[in-house]
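Accompanying notes for the structure given below.
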């Protein structure tokens, strides 16, 4: 069966998932105590007319399924209305912050991959000896360290004690080379746990692959150790590493919520926390939906990559 | 003495152990044998007898926690010697230096070696290498000490001079590369060919091992091949660089019976036509009969019987061999049940005292518990100095005259339906 | 004997028959011929051997001792009283973790307060020791509940396939699209803060990975012959699933669940850090107790 048909099938499966995702996002935020109208009315003189007017503005006078439909229709057009707090459009607010979160996320991911995979390979080749054990302990510590704690420690050591980095970025900072300097510590914080996970997975799948018969065939052909490892073993391990690397995207999003808080990084994660504490419903809905949809697509890409990497998988 | 009279491969007192938590597992315990050019040699035994470890040892493919403890593996191939001497002149043994590449006889095209007409070639390995390279010298005889060769030299030998075929073709091929690429890869490495030429060669090889539409099948992945075709592809890899020895480790065990016959036919045909020697490892004496010239039976890491295939079939000497033979199912068998060899191979960490086979040997006597039988000439009872395919040897106290009751069994050769002829030992 | 010319005969099976290899002698043979292995290497049972192997694994040993230490300090940090009866009278924590000492706010570590005090003058060491209780119980309870949701659903999806599988797996896919923290944050925002609310939120995001993992395992286990055999014998689906399939598919789920306790504790801590953890006032020292995942 061709890749094309698989792609079509895979895309069809996404329809109910995306539908469910929007429904869940909508109903979760619906269930939040306190409606936006109550929130606005906190600060204003209440007149009966105003309340009705506001209810109409937020479509609250419609039945719930109509509300959902209207919200969904607008969401598809990326129109999430205005923030309750800042009076800016939600899309605008997210868009100004998105590049910063993307920068942080990509850096964190890059760190995770570029440390995790080589370390995993080294540990696997040294299977069982001190190098292996040391890297496994390191990975264990990496996984067990809470990222907010690691972030605080890095802040403490590198900026407070050593004064090496100015860590709190200016709130209006744009995506620029200057930002690179600010991004280093948060990216390390973000990437540490992921790199440890990737390292462990690379190691275990390499160890598994190293014991397979084709490795012996490759050696019996007279290929050098290096060629056997890189061309044959690593290539096979990547099949499973890629899948987990995709899951790491969700993990990174997770982490960025916390890390942005620690480092006062002006990204979407902080916006999310602010939206929750301030009950800024439209913003909350938009961010949650955006994250979920992204992850659905990342998983799609991972699946495609997976079937491309492993020729045995053809649906 | 011409080099071609000497065996292609001599294994002498090979010892390989695995160091595990339970102790030292002596997987190969003092094994010697030799294989002539173009000969088909079988190593037979149950699993755990040390057959595979023997083969992997001579390929130097023993991984941790295994280690080759001792012995010699001498590989007498002029092409291997020439190739290695050219690439690793520092490894050539001379009168005042030891090395793993031994150039015994050279034929010089121009009549001299290097710049000094009077110098013996053995003094000047580097110049020999240059002269080999420019074609003014040819190696006529020589050998490689396989166990002393460094890893880089081993990589030149593997695949190019000694190739291997594995038990399970399904797992022996890398799932993520095309079958063609896996052949071409070896060709590029050993035959100095570019991509296009290597591809041509790979297709040729696929065709040679009987894969139809070789050109199209080149870009198939292993999972798109059937089991038999996969094994043919593995054979194509082994054959691709013109080796002089192919080690086939249970090449048909994972295949069904009809495919097994085809693969055995193919191996036989290839070894005849390409003049390549085969070391066949198997637990199946039936396979041995179909393919091989001589045979070594192993039990618990040691050889227990060695002879030509005919001798072994018509006149087995060691009780273990007898046990193995009586367990081969036969067409028209009129026995009530098959006599298999009862019991299992002992733990190689702690071998039984005396003859390792005694717990499973129906002829065992007290002497067998106390004395370990040496491998002796079954005619004379004398220990043999060197492995010799013409001498029938076995390691059983029967042949040193230490048994009181002796070993008794009958070999019946059935000419027709009726059984006649038989002998008692 | 002449068999020089008989090369061809050997290639035909069935020509030679060997008799006299009489295996019946073993039945009444003297036992001095039986070779016995040294007892020390073989006759140990599985648990002992597993323990031997475990002892040799340094990482595992270190992990185990850390867990033991944590369990010890959290259990003995403060007395445990159940319905008026003191079950555990010891109190290792130097101070009451809930007691504020307004004379010592935000103190740096001293001899009296080795970890210092927090903004309300509570002893941090005591809070860490006591807070471990929350961390560990949250981890264990969450994972147990998540298992009891994820395992049946995963087993059903894997065993029956078809629309049951589709529905369950799409649900899993949907939840999978929400990162752990994002979903937990949203849920806590809806449910409000508190011990059980936190656990509910965590369970909702944790069970999906167990269901996914178990489904995959079940898919391969159900192909096994013993399952076919059980079916052929007319066993009911329920007993096949829970007696034959699930026990054989659980191994990776159990490994995942063990590691999951650590992840849950970390996430609970992160929620705490974001101000969405337990109600203010409870020793959220939980937030800082190290989570150790044993490899």
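All chains are identified by letter, namely A, B and C, in their written order; residue positions are counted from 1 within each chain.
As a convention for this text, a contact is a pair of C-beta atoms (placed from the backbone, for glycine too) under 8 Å apart; a residue touches a chain by one contact, two chains touch by 3 or more.
Note that the coordinates shown come from a computational prediction; the quantities given were computed from them, not determined experimentally.
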{"item": "Overall pattern in which the protein chains touch one another (line/ring/star/complete/other)", "value": "complete"}
{"item": "Higher-contact pair (C-beta pairs counted), B-C versus A-B", "value": "B-C"}
{"item": "Subunit A-subunit C separation of Cα centroids, rounded to whole Å", "value": "25"}
{"item": "Between subunit B and subunit C, centroid-to-centroid distance (C-alpha), Å", "value": "48"}
{"item": "Gap in Å, rounded to a whole number, between the CA centres of subunit B and subunit A", "value": "55"}
{"item": "Subunit C residues within the subunit A interface of the complex", "value": "58-59, 63, 170-171, 173-182, 185-187, 189-190, 192, 262, 266, 269-270, 273-276, 287-288, 290-293, 295"}
{"item": "Residues on subunit B engaged by subunit A in the complex (per definition of touch)", "value": "59, 61, 64, 151-152, 154-160, 163-164, 166, 168, 171-177, 182, 185-186, 189-190, 221, 223, 234, 237"}
{"item": "Contacting residues of subunit A [partner subunit B, same complex]", "value": "128, 212-214, 216-225, 232, 235-236, 239, 309-312"}
{"item": "Subunit C residues touching subunit B - in the complex, by the definition given at the top", "value": "1, 3-4, 6-7, 9-11, 13-23, 25-26, 32-35, 37-38, 41-42, 56"}
{"item": "Subunit C-facing residues of subunit B, complex", "value": "21-23, 286, 289-290, 309-311, 313-316, 319, 322-323, 325-326, 328, 330-333, 335, 339-343, 346-347, 349-350, 352-353, 358-359, 362, 364, 366, 369, 408-414, 419, 423-424"}
